[in-house]
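Note that subunit A is present in both complexes that follow, paired respectively with subunit B and with subunit C.
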Partner chain A sequence: MNILMQELKMGRKSLIVWCASLVGTFTIFMMLYPFISEQAATFTKVFESFPPEFRKAFGLTTTNLGEVLGYYSFAFLYIILAGAVQAMNLGVSILSAEVREKTGDFLFVKPVKRTKIITLKIAAVLIELGIINVVICLANLIIINLVSKDAFDMKLYMLLTGTLLFIQLFFASLGLAVSVFLRRIRTVLPISMGVVFLFYIIFLLNQTLEDPKLAWISPFGYFDLAYVSEHVAYQGKFIAAWFVLSAIFIFFTYKLFTKKDLPSI
Partner chain B sequence: MNIILRELRANMKSLIIWSVAQMFIILAGMMKYVGFSESGVDINSMLEGYPEGIMKAFGISSVDITTVDGFYTVFFLYFMLLAAIHAVMFGAVIVSKEERDHSADFLFSKPVKRFKVIVSKFIAGVFNILVFNLVTLITSVVMIAQNNGGDGLLGQVTLLMIALFFIQLFFLTLGFLLGAILKTTKLATSAATGIVLGTFFLSILSDLSDKVTFLKYFTPFKAYNSVTVMFDQQMALPSTLVLITCSGIFIVLAYQRFYARDLNT
Partner chain C sequence: MNIIEINQLTKYYGKHRGIENVSFSVEEGEIFGFIGPNGAGKSTTIRTLLSLIYPTSGTATIFGKDCIKHGDEIRKEIGYLPSEVFYYENMKVIDVLKYSASFYENVDMSRIESLSKAMDLDLNKKIEDLSYGNKKKVGIVQGLLHEPKLIILDEPTSGLDPLMQQKFFDLILAENKKGATVLFSSHILTEVQKLCSRVAIIKEGQIIKVENINDMRNSSYKKIIVESQEDSIEKLFGFEGITNLTKTAEGVNFLFKGDINTIIEVLHKVKLQNILIEEPTLEEIFMHYYQKEA
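So, the complex of A and B:
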C-alpha cells in the first residue's frame, strides 16, 4: 500500500501537467469548430462524391465534419496520440525508475515480493490512467457543449471517448513489457515517443488503403474512430486482439521482472 | 576527436534502431502503393469537376497519388515526424546526459574546453541525422525504382531529403538548447516532447480553415510543401533561411547557456 501511495504521490505533478495539456489541446481544436461547421455543407457534399480510397488517403473518412461528433472524432485522434505517449511513458518508467534513480537497492531489499511490487505499481498506473480518462471525458463534454448547441448521441460520445482508455491501457502494458525486456533504460521519452509515433504512422499508412494484414499491427487501427462513428460499436475481433496482446505484455512483465538481474550502484 | 568517436559509438545502437524503423515505414508504404495503384481509381478525372478552393483547403490541389511520385509526397510528413523526434531527443539527451550519468566529473575535469566538448557533441549529432537522412534517401530511391520502371527519381528525392535535413537540423539544435537550459535530461526530453507534439498539432490545425492558416508560420512541419519540392523542384527559400537562422540562434544560445552552466556533480 505504501508503494502505491508513493507512486501516486510521485506521479501527481506529471499527471496534472498531462491532464492540463490534453484538455488545453482539445480546447484549441474545438475552438475551430465554428469555422468548420460553417463551411461544412459544401465540404460534405464534395467529400461524399469522392471514392472511399481517395477520402481515406487524406484521412477524410469522417465526412460529417459539420456535425459536432464528426468533428470530435477528427480532433480526438490527436488527443489519443498524445495520451498514448503519456501511457507508454508511464509504463516504461514506472518499473525502470528504481534502477535508473538508484532507488532499487532500497526498495528491493524490503520484505516485499517483487510480484507485489509489480502489482502495486501497475495499480498506480491504472489509477492514474483512470483519473486522466475521467478528467478528459468530463472536460470534453463541457467544451463540446460550449461550442455547439446541437444535440448529439451520448452513447457515441462515450464510445469515442472510451477508445482513449483502451489505447492507453495497451501502450501502458506495452511500455511495462519493454521496460523489463531492456536491460537498462536511461531516458524514457525517446523510447515512448518513437514507439507511439511509429504505430501512428503505420496507422496513417493503413488509412490510404485498408489492408487487412497491416490493420493488425497498429493499435490505433483497433479503435478506428471512423468505424466507431459509423457503426456506434467497437470491432469484436480487434477488442479480442487488444485484450490478448495486453495480457501477454502484462504476463511477460511479471515473468521477466521477477527473475531480472537488477544492477545495483 | 575522442569525444566524437565516443558519442558515435554510444549512439550507434539507437541510430540503427531508428534507421530500421524508417526503412520499415518506406517498405510498408511502398507495399501499400502497389495495392493502391492496382485498385485503378482514376482520381484525376474525378477531381476536375471540383472548385479549386476546396481542393486547396485540403492541400490536394495538384497531386495525383496514383503515380509513384505523387504517392511519395504523402510520405514526407511521416519522415518529418520520425526525423524530428529522433533529432530533438538526440540533442536534448547528448547535452545533458553527462550530469545524469555522473560522468560529468570525469569529462569536464579533462583539459578540454567546454566549447570543444559541445562542438564535438554537435558534430556527432549532425553525423547521426545525416546517416538517418541518407538511409531514408537510399531506401526511398531503391523502392521507388522498383515501382517506377527502374527510375528512382534521384533528383527529386534528394531535394526532399535536403529539405528534411534542414528540419532535422532545426530540431537537433532545439534539442541542444533544451538540454543546455533545463536542469535534467528528464525535463529536457519532456519539453522536447511537448514542442514536437505541439508543433505537429499546429500543422494539422493550420489546414483546417482559411482563418487559421497563419498558424503554419509557427510550425517547422509546414516549412516545406512536399508537392512543390517534388514536382516544381523548388525548395521554399524563406523557410530554408528561417530554419537555418533559427538553428544558428539555438546553437549559439545553447553554447552560451552551457558555458555558464553550473554542472551538477
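So, the complex of A and C:
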C-alpha cells in the first residue's frame, strides 16, 4: 500500500497539470461551437469542397458540426490524442523511473516481491487514469451544457467519452511493456509521442485506404468516433482485440520485469 | 553459523564477465571485508545477493535461504548502503526515512532521530538540496534504521569526510556489537583493516583469497630492503617465497614469506651498505594480489 500512496503522491502534480490542460484545450474548442453551429451550413459547404480523403482523415464525413455531439466528436479526437500520450507516458515511466532516477537500489532492496511492486504501480496508473477520465467526463458535460442548450443523447455522449478510457488503457499497458523491454530509458516523452502518432497516422491512412486488415493495427481505429456516432455502439471484435492486446502487454510486463537485471549506477 | 553462503556464483552480462565461480561464506557476527580493485566484481556479487540482478549460474543463500527464491523475506533483515545513493528528489529527508521504515515491521521510529543526530543530518531538507555527502548520510540512516541482522556496505565511505567516516564506523561497530553481521566491500584497504576480521580478495571476477586479516599481517611476510653496490644483486633473490621484487638505485627490495634463514644465507655472502627488515603494510601485501599477471 505504501508504494501505491507514494506513486500517487509523486504523480499528483503531473496529473493535475494534464487534467487542467486537457479540460482547458477542450474548453477553447467548445467556445467556438456557438459560432460554428450558427454557420454550420456554410462550414459544411466549405468542408465539402475539400477532397474526400482530407475530410475522412479529420473525421468530417459523417460529422454534423451543427449538432453539439457532432462537433464534440470532432473536438474530442484531439483530447484522445493528448490523452493517449499522457497514458503512454505514465506506462513507460512508472517502472523505468526507478532506473532512470537511480532510486531502484532503494526500492528493490526492500522486502517486497517484484511482482507486488509491479502490481501496485499498475494500480497507481489505473487510479490516475480513472481520475483523469472522471474529471474529463464531468468537465466536458458541464462545458457542453454551458455552450449549448440543445438536448443530446446521453448514451452517445458516454460512449464517445468512454473511448478515451479504452485508448488510454491500451497505451498505458503498451507503455509498460515497452519500458520493461528496453534496457534503459533516458527520456520518456519522445517514445510516447512517437508511438502514439505512429498509430494515429496508421489510423488516418486507413481512413482513406479502408483496408480491413490495417484496421486491426491501430487502437484509434478500434474506437473510431465516426463509427460510434453513427451506430451508438462499439465494435465487439475490436473490443476483443483491445482486451487481448492489453492483457498480452501486461503479461509481458510481469514476465520480463520479474527477471530483469537492474543496471547498476 | 554462516549468514551468507555463496557457492560457485557466476554472472555474465551478455558476453561480459561479471563474476566467475565466486564462493565464500560470512559467519554470524563478523565484519567481513570484500576487497578488490574497481571492476573486479564486488558490486556484481552484492547486487546478486540482493537479487537486483540474477546469476547466470551458482547459488547464494542468506540466513540459510536462497537469495533469489526467498529474496523478499531475506531482505526484511538486510540493510544496504550502495556506493552511490539516490532518493526521490522531491521528498524531504524525513519522508524518505519514513517511507523506508514503512516497508519493515516494528521499526523503532526514535532511531530516525538518534541516527540522524549521530550523523549530523538535517531531517527537514529536501533530497534535491542535499550535497553528495549528506545524501550518503540519508543512506546510512536508511540502511540502519530497521536494525538489520545483516548490513551490506558497498564502498560506503566515498563522499564522507574523515570525521563522518569515523562516526559511521562507530555506528557500524555498535550495530555489530549488538549482533549484526557486516559485509563490507571496499577498494580502500585501511578502512577494511580498521573494521574487518576476515577478507575476501576478488580480482577480475574471481576470488583469489579469503584470509584472516590478522594472520595476513602477522604472517611471515617481511618487507626487506637491501642496499648494496654489487652488480645484478637482484639475481640472488630469484627463489621461492620472494614477491614484489624491485630493483632500486641503492639495491633491491622485496616481500618475503618463508624461512628467514634462507634469506640470511644469501645475504651473508653479499657486501651490504644497509639492510632493513620490517613488517609490510597491508597495502603492500595487497599490491601483490592486485598486480595483473603479465
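Brief remarks on what is shown
Methods note: the second predicted complex is superposed on the first by the 245 of 265 C-alpha atoms of A that agree within 3 Å, B and C clash if a C-alpha of one lies under 4 Å from a C-alpha of the other, contacts with A are read in each partner's own complex, and residues count from 1 in each chain.
One rule holds in what follows: contacts are C-beta pairs under 8 Å (C-beta built on N, C-alpha and C of every residue); 3 or more make two chains touch, one makes a residue touch a chain.
Keep in mind the model is a prediction, meaning the values are calculated, not measured.
Between subunit B and subunit C, B contacts the larger number of subunit A residues. By the touch criterion defined above, A:262 reaches subunit C but does not reach subunit B. Using the contact criterion defined above for the overlaid structures, shared-chain residue A:82 touches subunit B, although it does not reach subunit C.
Once chain A of one complex is fitted onto chain A of the other, the partner contacts of A:126 are absent, as it touches neither subunit B nor subunit C. Of the two partner chains placed by the overlay, only subunit C lies in contact with A:109; subunit B stays clear of it.
Legend: residue contacts after superposition of the two complexes on their common chain; A:10 is shown touching subunit C, with no touch to subunit B.
When both complexes are overlaid on chain A, the residue A:239 reaches neither subunit B nor subunit C. After overlaying the two complexes on the shared chain, residue contacts for A:197 are found with subunit B alone; subunit C is out of touch. Residue contacts after overlaying the shared chain place A:147 against neither subunit B nor subunit C.
Annotation: subunit A has no residue touching subunit B in one complex and subunit C in the other. Residues of subunit C touching subunit A in their complex: 13, 43-44, 47, 50-54, 71-76, 78, 80, 82-90, 99-100, 102-104, 142.
Interface residues of subunit A facing subunit B in the complex, by the touch rule stated above, are 21, 25, 28-29, 32, 35-36, 39, 42-43, 46, 50-51, 53-54, 57-58, 60, 78, 81-82, 85, 186-190, 193-194, 197-198, 200-202, 204-206, 208-209, 211, 214.
Contact residues of subunit A toward subunit C in the complex are 2, 6, 10, 101-106, 108-113, 116, 259, 261-262, 264-265.
Residues 14, 17-18, 21, 24-25, 28-29, 31-32, 35-36, 39, 41, 43, 46, 50, 54, 57-58, 60, 65, 74, 77-78, 81-82, 85-86, 89, 93, 97, 100-101, 185-186, 189-190, 192-194, 196-198, 201, 204-205, 208-209, 211-212 of subunit B are the ones touching subunit A in the complex.
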